[in-house]
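Going by the order they are written in, the chains are A, B, C and D; count residues from 1 in each one.
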Amino acid sequence: MRPRASRPSPLRSGTTGLPHPVPRLRATSFAVLGFLALVAGVAHAQTPPATARATTTSSLPALSAAAADVQNDNGQALHVQWTAPAGVEQVIVERGSTPAGPFTVLDTVSAEGGSFDDNDVPRGKPVFYRLTGLGAHGPTPPAVIGPVVAVAQWFNTGRTNVAFFSVIFFAFVLFFLWSSRGGRKLFVRRIAGIDAIEEAVGRATEMGRPVLFVPGVQDIDDIQTMAALVILESVARTAAQYETKMIVPTNYPVPFTLAQEMVKNGFLEAGRPESYDPNSVRYITSEQFAYVAAINGIILRDRPAANLYLGAFFAESLILAETGFSTGAIQVAGTANVHQLPFMVVACDYTLIGEELYAASAYLSREPRLLSTLKGSDYMKVVIILLLLIGSVIETSFVLKNPPTQSLGQVSSPFKSWFRTE
Amino acid sequence: MQRQIPLILTGVIGFVMLLYFFVPHPFISGPGHFFEDAVIIVVAFAIVLGAANLLTFNGEIIARRGKDWPYKVVLLVSMFAMIAIGLVEGERYLEPETVFSWMYNTFYASMQATMFALLAFFIASAAFRAFRIRNLEAGLLAVAALFVMLGRVPIGNVISAHWPNGIQLPQISDWIMENPQNSAKRAILMGAALGVMSTGLRIIMGIEGSFARSGGNS
Amino acid sequence: MTSLLVFLAILAAVALVVAFLIRIPSVATTLARMRRLDRRWIFLAVWVLVMVPLLFPLKLPVAPTARAMQYYEQIDRLKAGDIVLLSADFDPAAGPELVPMLKTSIMQLCRKKVRIVGDCLWPGGPPLLEQAFSEVARDTFHYRYGEDYVNLGFKEGREAVMLAMGNSIPGTFPSDFRGTPVSKLPLMGKVTNLRSVKLLVNVSAGYPGTKEWVQQTQSRFNLKIISGCTAVSAPEYYAYLQSGQLLGLLGGMAGAAEYEKMAGVTGAATKGMDAQSSVHLLVMLCILLGNLAHWAARRLGER
Amino acid sequence: MHPANPLTFEGLGVWIASLLTLFIFSFLYKDNPFYKLAEHLFVGISAGYYVMQELWAVIYPQCVKPVAHGEHLLMIIPGVLGLFLFSRFIPKAGWLSRWSLAIIIGAYAGIKTTGFAQGDLVAQFQASILPLYVPGHLGASINNVLFLAGLLSTLVFFFFSTEHKGAIKGTAQLGVWFLMVSFGAAYGFTVMARVSLLIGRFQYLLDPWLGVTRF
């Protein structure tokens, strides 16, 4: 097959990155994307991928080689393959724009590998390769192959499976968002952690001691902090109903303001705005260990009967959990930072594990944004579980038909292979 | 307007970066590359902004002679000293023989490493005072922890060197890591992936919006 | 087999003795009182148990596990002249765990005569990488800077940097950590993007690190990745190991010690293993004694 | 080996570093001015260090230098957006910083979404499709069944759309057990990590500072 690209591409790139001339399809898209397209690369993919065979210039044993376009890329890579005659140890790979040269050396590589990826090819232009083998008996005659053209693709077919999962999941989330905004009630089960929190506040009331709420150690850009503040509002409501004092130490200015807002709101909603103490939310410092040392001080001095640690926690989680434990307070913790959960599980009376933190905040706030995410994830999990069960059955029957000879996991069923990402 | 344009911009950029994964063609990957390069620079400025925040925040404490203000002076002086040395030494500021490198080794490296080394002490005392095996769940946690702690260090090799092959302590700890540990961890990974994806979707759709509140003079 | 039975018998005997002793009121009271032990005594115990094995080493034998062997073999499979990317994504906070891995990795790469391109995605990392390069590659193996290895230094941007490197490494790092333009470094002329590196050796302390390299580059740029990481992040990466997204994993100082053993060196990690063992025993003892104290207190009717 | 000589530039560094190490360790006894001094010194030094890294490793080579040489003029855009971030110090122009945040948040939203979808969802899903029975490999078969049971039951535990009753309750409970084993393993590894860091500090005090090597 003779590649069409052996003649120059009608759309050649200018140096500034602006295409010339601009095709109509592009012009419309430009209008949409505005300045983004300033940097759009240029050459259009319209030539079929080229495969070229070696034309040897000598009767002596040269390399037999071939070059082809790399699929699913942006048109900047070509793959060169060869079979080297015995005695050839290294291969000099050169590239040029005409079969006669001039050629520039790309690299000298081991002949054993049998291939070379050229990742810096001008897009859409025909190129030629010259391969020269090197061995103990001197160089082989050069093999010139080409022309080949690097072409860009519009869809990476190796990622269909990722698109498949993403589309299903996004559809679920958007559907639930749409239906919850339309007023449909989305059912979410009550999280046991919420009961545990209420119980803890109740006990603090009985003992006449305050409730400590630590909303994590991250700024507001961490969604865990946001989730914690949502929970704080409902804790404040409960505390207001029971007329129990709250202490909320914070470590960044924005969570501080938001926490004040949340606590005030909670007291307002409980119908006791007069009991709201503006000093209950305190700004401490954003230095991690200084913040923790200050909370330790609060725990030891004020002896809160309930310690609630909800949000993003890091290395300090164990220090907090230990100090709180030593005062005998009821402790409820929750974080999505999985590596901190072990310390919370062993030292706290109840722990919200990972996603449960988000679920609790969605449950309490009933906000469509959060609920739709939660429901979408749930339905996606059902899809995953079903596909896993089907997949395992298929895989088992496949393995029964093709028992592994030596090592496991070498071959897999077409079903499993389809999900392999590239 | 001040809120709408950034939201639209966020959505468009996010969508291009999303498509960029599936569409190799330069029509999408071109802008994609530009955003990669651009975001690198903007994020660098954001870190410098952090230092500026530190300056205003601590400067304010010093100005009103707030709590621990002499320490805040130390903080700001050391920050400016580091910046001044780096500026004077120029682009080769990290060569091994520069004053900047010396400051790095003497102050930054040693103190950062020690801050985290403190946790070794706290972890031991927490193990003693706040690790309660109160139910089956905590019991499972404890057993797995004991096996892993013993199996990952040489003392485990010594104890179980002559045990039957397959149930030596390092092998048990490896099995825990690769099987029960791994399966639960994978479920968490998948759940977290769904969380990140839906947050990304909401940002691209322009319905997350919390950052638009946090930016600016709020 | 007998040693296992002996071990189990000892455990059972200890358990029986403890179960018996805890019934004696005075023992139970003492145990329960231990709950109020000043924690600074435990701090002291940790101090002693780290210091003593460092001063008087037992040299307990380190035995490589399968995971560390995979890491070693991936580097061992490289050929002379291959180019690898060594991303040192950590800072001094994780130094004791990761610097030994970094040095041993560079040593093994040098032995294989592999060319190394180094970079850091953590601002605190470049001097550590440079120290390891100078000590091992330059001084021991006489690697020439710019031809056999380069240190590209730090780049901000986390995942964005990884993707940008997939497009162009010289474009992402226009100059090395000293400010030398990469066009003046011969090795960088041979490195176009992530597709032109044979292997990514990632020494990682967290975010950004191995997880992000796997997510952004492993399948996207068909990159082979091995990871040496802190023990804190290791459990999560086992999931990537099982799926083949990672081809080798060293977890923490123990992983580093196993790797040193395979490479035949006695580095800082191997030297730390005795102390590591002794403190692990202490922590286990703390867990058991702490719970015993609680049980004793419960027997006595305290909370 | 000899102790570090405080009269040399390098040795002085080792002495200061070691003393600061001890200052920080003094926190174990109780919070004190030495610890506070070290802590604030550290925050200041690291902030200065980060600023210099961002300047010399990113802003200068990526933006200032190429633009000054007229090479990548487009890099003026992120440079200006970066400066916009500082507009929050000027009350009237504060909204400009949202433009800069737009590119940061938008770009990472896109990058992370596909990264997690590919690396943590599809690839992990694919690797979990396991044969439940492998002829001739009993151990592998049992492991695969156990693995799948752990994965599925943990997924069920994180399912919030139905009440945990009956079979779902039992499955979720199984999931909790798997989670606990995984937390136990994580606990062990975290202990290992922290202890290693302490060992590293002690090695520093012993070798470059006091000059004691014993192995």
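We adopt the following convention: a residue touches a chain if its C-beta (ideal position, glycine included) is under 8 Å from a C-beta of that chain, and two chains touch if they have at least 3 such contacts.
Here the structure is a predicted model, which means the values were calculated and not measured.
Highest inter-chain contact count (C-beta pairs) belongs to B-D. Chain geometry summary: the mean Cα position of chain B and that of chain C are 16 Å apart.
If you average the Cα atoms of chain C and of chain D, the two centres end up 13 Å apart. Mean C-alpha positions place chain B and chain D at a centre distance of 3 Å.
Counting partners per residue, chain D has 28, 39, 43, 46, 49-50, 54, 56, 58, 62, 74, 107-108, 111-114, 116-121, 123-126, 128, 148, 151, 155, 158, 179-180, 182-187, 189-192, 195, 197-198, 200-201 as the residues that reach two or more other chains. The residues of chain C that reach two or more other chains are 43, 46, 50, 93-96, 123-124, 126, 153, 155-157, 160, 163, 175, 177, 179, 219-220, 232, 235-236, 239, 242, 251-252, 254, 276, 279-280, 283, listed in rising order.
In chain A, the residues touching two or more other chains are 38-39, 159, 162, 166, 289, 338-339, 342-343, 345-346, 354-355, 381, 384, 421. Under the stated contact rule, the graph of chain-to-chain touches is complete, every pair of chains being in contact. On the chain D side of its complex with chain A, the touching residues are 31, 39, 43, 74, 113-114, 117-118, 121-123, 125-126, 128-137, 140, 148, 151-152, 155-156, 158-164, 179-180, 183-184, 186-187, 190. The touching residues of chain A, when paired with chain D in their complex, are 38-39, 159, 161-162, 165-166, 187-189, 191, 287, 289-290, 293, 338-339, 341-343, 345-346, 353-356, 359, 363, 374-375, 378-379, 381-382, 384-385, 387-389, 391-396, 398-400, 403-404, 408, 412-413, 415-416, 419-421. Across the complex, chain A meets chain B through its residues 17, 26, 29, 33, 36-43, 45, 72-75, 123, 152-156, 159, 162-163, 166, 169-170, 173-174, 177, 220-221, 223, 226, 254, 289, 315, 318-319, 321-322, 325-326, 336, 338, 342-343, 345-347, 354-355, 358, 369, 373, 376-377, 380-381, 384.
Contacts from chain C toward chain D in the complex involve residues 40, 43, 46, 50-51, 54-57, 59, 93-97, 123-124, 126, 153-157, 159-160, 163, 174-175, 177, 179, 211-212, 214-216, 218-220, 230-232, 234-235, 239-240, 242-245, 251-254, 266, 268, 270-272, 275-276, 279-280, 283.
Residues of chain B touching chain C in their complex: 21, 29, 32-33, 35-37, 39-40, 43-44, 47, 90-92, 94-96, 101, 104-105, 108-110, 112-113, 115-116, 120-121, 123-125, 127-133, 142, 145-146, 149-150, 152-155, 157-164, 167, 170, 174, 177-178, 181-182, 185-186, 189.
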